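As written, the chain order gives the labels A, B, C and D, with residue 1 at the start of each chain.
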Amino acid sequence: MTSKLFLALLLLPFSGLAQDDPAGVDMLDTAVVVVAPPTSVIAVDHKYDKGERIDLTWVPSIDDQLVEGKVLAYRIYRIVNDGGPQLVADVATGVGPYQYADEDLHRDSIYSYYVAAVSSNYEAASTRTAPMSPQREWMNLDRKWLFLIALIVGGSVLLFITAARRGTKLFVRKIAGLEAVDEAVGRATEMGRPILFVPGIRDMDDVQTLAALTILGRVSRVIADYDTRIFMPTSRSLVMTAGRETVKAAYQAAGRPDKYSDDMVTYYTDEQFGYVAAVDGVMVREKPATVFLLGAFFAESLILAETGNYIGAIQIGGTARPAQLPFFIAACDFTLIGEELFAASAYLSGEPMQLGSLKGQDVGKAIAMIAIIVGAVAITIGEAWDVEFMHDIVTWLSGVFSTR
Amino acid sequence: MEAFFEHFRLWLAAFLTLGIFSFLYKDNPWYKLTEAIFVGISAGYWFVVLFWDNFHGKFWVGAGEYSINWVVAKLTGAQAPPPPDSSIDFMLWVGAFLGLLMLLRLVPKIGWISRWPLAFIVGSTGGLWLINYFASNVMVQAQATMVPLFSSAFGTGFDQNADAVIGALIIFLGTFSGLVYFFFSKAHTGVFGGTARVGVFFLMITFGASFGYTVMSRMSLLIGRIDYLLGDWLGMIK
Amino acid sequence: MTTRTKELIAVAAILVFALIFYIGRVSGWQATEFSTGTSIVVVVLLLASLLWMLALTIRGRLIGRRVVFLYVGVAVAMPLFMKLSQEMPVSLAVLGVYDAVMELQPGSKVLIACDYDPPTAPELQPMAETFIRLCFQRDLKIIIMGIWPQGPQQANLALEKILAEPEIAAKNLEYGIDYVNLGFQAGNEFVIQRMGGSFKSMFRTDYGGIPYDDLPLVRNVRNFSNIDYCFNLSSGFPGTVEWVQIAVDRYGVKLGAGNTAVQAPTVYPYLSAGQLTGLLGGMSGAAEFEIAADARGKGTKYMLSQSVSHIVVIAFVIIGNVAFIMSGRRSALKG
Amino acid sequence: MRREVPLLITAVVGITFVVKYFVPHFPFNRMDAWFADWFSIVQACAIVLGALNLLKLSALKVIGQKSGWGYALVIILSFMLITVIGLAEGSDYRDPGTSFDWLYVNMFIPLSATMFSILAFFVASASYRAFRARNYEATVLLIAAFFVMIGRVPVGDVITGFMPEGYRFSDLAIWIMDYPQTAGQRAIMIGIGLGVVSTSLRVILGIERAHIGTGD
């Protein structure tokens, strides 16, 4: 310790040369600012990773706790396999918590650390941590509850599907927006006008696009039966490709493969508003009788829905983006709200197997609802009357539902 | 020449801006022209961006160039390039392979192979989001709703307490009844239907509030465009 | 006269109008600014016309959607000519950003992450300008970057404008020493994550292609620990949410943010949890920030248009409902 | 073969990505990043299909002199213009001063910003037409929207200036956003989460298979 102080004093006259270090400038007219080192430096293996990270925590220097601005930063030093200390990082003070995650380590090396408190011209090092190596784990046990609950929900989807396959009758309530699909397609047939299907503006890596395509499969089956025209402009090439496969399959299933043409599904541009400009143009020129707006929509939702409303089309909108739902509600005749978008394809198919999956979703909702009630009641009783048992329930429940 | 370009630039942007605005009156040749330009320019823009950023920037720089150089060096007997550093990731070849399969669509006879990369993307999208959505939407939101309905932490006086109690009750009831609305297994009748109706009210408040919130900010875009027309172009305002 | 002729005349009139003013502008006409009196008259006229529409509606004559469109256009345009300034209190969220900047020592390094594009510039550009000006006034060093391709371009526009202002120009700020634009890096939130390890790994060169190590300002900046304050301008994903989750939660960065009004509600929870030091939300946030920094600019000017347009929307909701009730609760809007 | 292989791929890849979430070990820990990279490369390849489709359709219109063929020609020309310039410019195509940047700033930006700003007009017409007290639900929506709208403009607080602080329109707006709005949002989000689980499962298990097309 004293040798360090001596060194610092020795270097004092020269340290002013470090021009771009603002602390270095102060140094010339102040004495050495001695600070106490941080204490209780602890290095632990980061749990549930592949063995490449060690987490460090420490108790800040007493000078940091008492005087603001005295300790400027903490320096983390790492010693690998008995080598010399390497400076790994500077951690700013005052932002707490006092911790650092050392990443990109190797499982076969041995690491030891120390942390130094740095003042404007002095560095106080802590003791070294015990040498250790990062460990790797195969399973992230932090997520065991998530796994279990997901398994229950997923399992009940499967269970109901198998039950339906065996012939169990499943009841599913009416969903207004979906009841209207047949009518909407029929109307287009009567009027001899096309049907416009807009699958949102996201690519195939969004589940809402997947949901839109599954609905497209059902809708285009009905369209093929009615022998009406469908037009689907897309803003992504992959969606165009998948859309063509979907529509083609529906026409084949309806026994009318000759009626299908690739021109039913076209790509315009990836640009959000370029696509909107084109679709708006299609709407006012082709005057579709029915417009489906299903998938992931952003700011363009209202532009499309208002134009559709203006041309007098029946509109069925649906998205899982809560911010855009009000616009569909304002301008569409029927709106599929969030979950209903995902339920639509199963509902429209009317196949018992598909309906089974909706029952599985209900199990998930039931779990969530029970958890909410139990959690809220337990925490309320626990807080109001300080019941130890209730506290335990709450701690356990939030542990279960935590997804760290 | 430069001065000409400066004038041309301002007029071009104004011409396009007014062309789009003319759609508000009705569909017309000016809008059709602007729309065609927009579709062409933006499709081309994304073509170029995806080529340079995704194909060149990711694949070619990250793996393709190195691999090809290496193969060429091996074939010609020249000196092989130095061993790859951390910026080279041969896994990118998988992406290129999938992309190539996708392009087979252009060959009618074997176009069906393009379903493989499609199946790959659909599968990974499904698998990836299945758990992610479940964790962040279901688990986290359910956990967040487990709040005390009344508690000493809310404050001591009745009036401070009342606010917090009502707030907590509303969140609890709203979430619960909203979930009841989404239940598919039971018709909306009786007590169940009543709760579902409460849920609908909460959903409507949610939509109303988000509408009110969003509406207000949409105006700023128009302000920006009008500022361009009247300020940058015509110089009528500062 | 047929409709077609009328339409052609209208287009011709717009063209002539534009030509006159364009030639005027080129030959040095001054910008028009309404005096306070005129401004008040215009505002009164706008309000009166709204009342008139209401009266028409009550008498059973419904207005068409083109009238609504025209009205919105005029209502937004007129305030841009006005000199009226709105009084508004500066909210705590906005003060949070201002105070954080004021607390920084001269020479501190500020990272400005520009994650937005031109369509949202009306809201975010005034924030960027005010923030950059404030930093330069306080002698702070600015490092600009973006994970939206067009963000750093927008930042350059702001820099250009601020550096041309006499007060800032007098400081003779130098690129590379006082400010740096590292440009855009693809990779969304992963960029932030990797910056936690090393900035240089993500930005090998700056916007103009100068190698990272040749820029004196950032040469010694290894990662977030060398940054004193970070300000994120964001209009969506990836943006403030990702910056909070990665830069703040994992690397302890001090972060302030400017958001579009659409996005602001999703970010509010981070503000109340202290993960953000402050938040400028939408046009009003921009205007308040300008007032706090004592530099009234576009944000304040736009805010007047914004307020008028809000009143118009609310008025149309009321008129629409009156029409609805008057018409015996039938839907009503003519094409 | 044509139908089974894609179904198998979907199932295997889907299950792998689910497992990934629970296994921190290589290669699972890298899969997110890989998928993002692969997807962007596939996107870059796929846009060739989209662009060719757009050009083909437009070219057919021009050749057949169908109605609006002039506009189709404009699509082809403007596409070619920016693509040729962008590709010729090299990987620094985006830098300021390039021709690509000029097209971007003076054509692309005005176009997309203006199309976006059309929204302001539609917001007004939608407010005028759609937000009516048709029934109880619509009335609730209208009232919530009204309070939040008015609470977000300074005028709102001027009107309720006589009320003590904390009870003005802006406070009401914040209250609505914080409580009823949050509650509704949560119910929607939980529903969406479960909907995604079930849709993904159906896709992975091959119950939903439209996107894969048919046997030939």
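The criterion applied here is as follows: contacts are C-beta pairs under 8 Å (C-beta built on N, C-alpha and C of every residue); 3 or more make two chains touch, one makes a residue touch a chain.
Note that the coordinates shown come from a computational prediction; the quantities given were computed from them, not determined experimentally.
Undergrad: Can you name the chains that touch chain A as well as chain D?
TA: Shared contacts of chain A and chain D: B, C.
Undergrad: Taking the touch definition from the top, what connected groups remain once chain C is excluded?
TA: Once chain C drops out of the picture, we keep one piece.
Undergrad: Just list the two chains that share the greatest number of C-beta contact pairs.
TA: B-D
Undergrad: Report the chain whose mean Cα position is at the greatest distance from that of chain A.
TA: Centroid comparison gives C as the farthest chain from chain A.
Undergrad: Need the CA-centroid distance for the pair chain A / chain C, whole Å please.
TA: Measuring from centre to centre gives 27 Å for this pair.
Undergrad: When the centre of a chain is set as the mean of its C-alpha atoms, what distance in Å lies between chain B and chain C?
TA: Here chain B and chain C have centroids separated by 20 Å.
Undergrad: Could you grab the centroid distance between chain B and chain D? Build each centroid from C-alpha atoms only and quote it in angstrom.
TA: Distance between chain centres: 4 Å.
Undergrad: Could you state the distance in Å from the CA-based centre of chain A to that of chain B?
TA: Roughly 12 Å separates the two chain centres.
Undergrad: At least two other chains touched by the same residue of chain D: list those residues.
TA: 21, 39, 42-43, 46-51, 54, 94, 108-109, 111-113, 115-121, 123, 125, 127, 129, 131, 141-142, 145-146, 149, 152-153, 177, 185, 188-194, 196-197, 199-201, 203, 211-213
Undergrad: Residues touching two or more other chains, restricted to chain B: which are they?
TA: 14, 20, 23-24, 32, 34-35, 38-39, 41-43, 45-46, 49-50, 53, 57-58, 102, 105, 115, 118, 121-122, 124-126, 128-131, 133-136, 138, 141-142, 145, 172, 175-176, 179, 182, 203, 206-208, 210-211, 213-216, 218-219, 221-222, 224
Undergrad: Tell me, which residues of chain C touch at least two other chains?
TA: 65, 69, 72-73, 76, 119, 121, 149, 261-262, 265, 306, 309-310, 313
Undergrad: Which word fits how the chains touch one another: line, ring, star, complete or other?
TA: Topology of touching chains reads as complete, every chain touching all others.
Undergrad: Any idea which chain B residues touch chain D in the complex?
TA: The contact residues of chain B facing chain D are 9, 12-14, 16-17, 20-21, 23-24, 32-59, 62, 89, 91-92, 94-96, 98-100, 102-103, 105-106, 112, 115-138, 141-142, 144-145, 166-167, 170-179, 181-182, 199-213, 215-216, 218-219, 221-222, 224-225, 228.
Undergrad: Touching chain A in the complex: which residues of chain D?
TA: Interface residues on chain D, with respect to chain A: 21-26, 29, 39, 42-43, 46-51, 53-54, 57, 108, 111-112, 115-116, 118-119, 122-123, 125-126, 129-131, 141, 145, 185, 188-203, 205, 207-208, 210-214.
Undergrad: For a test of understanding, state which residues of chain A touch chain B in their complex under the given definition.
TA: 146, 149-150, 153-154, 171-175, 204-207, 210, 238, 241-242, 245, 268-271, 273-274, 277-278, 280-281, 284-285, 299, 322-323, 325-327, 329-330, 337-340, 343, 358-359, 361-362, 364-365, 368-369, 371-373, 375-377, 379-380, 382-384, 394, 397-398, 401-403
Undergrad: Give every residue of chain C touching chain D within the complex, in rising order.
TA: Spelled out, the residues of chain C in touch with chain D are 65, 68-69, 71-73, 76, 86, 88, 118-119, 121, 149, 153, 156, 184, 188, 190, 207-209, 261, 265, 284, 306-307, 309-314, 316-317, 319-321, 324-325, 329, 331-333.
Undergrad: Spell out the residues on chain C that touch chain B in their complex, using ranges where they run on.
TA: Touching chain B from chain C are residues 7, 11, 14, 18, 21-22, 24-26, 29, 31-33, 66, 69, 72-73, 76-77, 80-81, 119-123, 149, 186, 260-262, 265, 282-283, 298, 302, 305-306, 309-310, 313.
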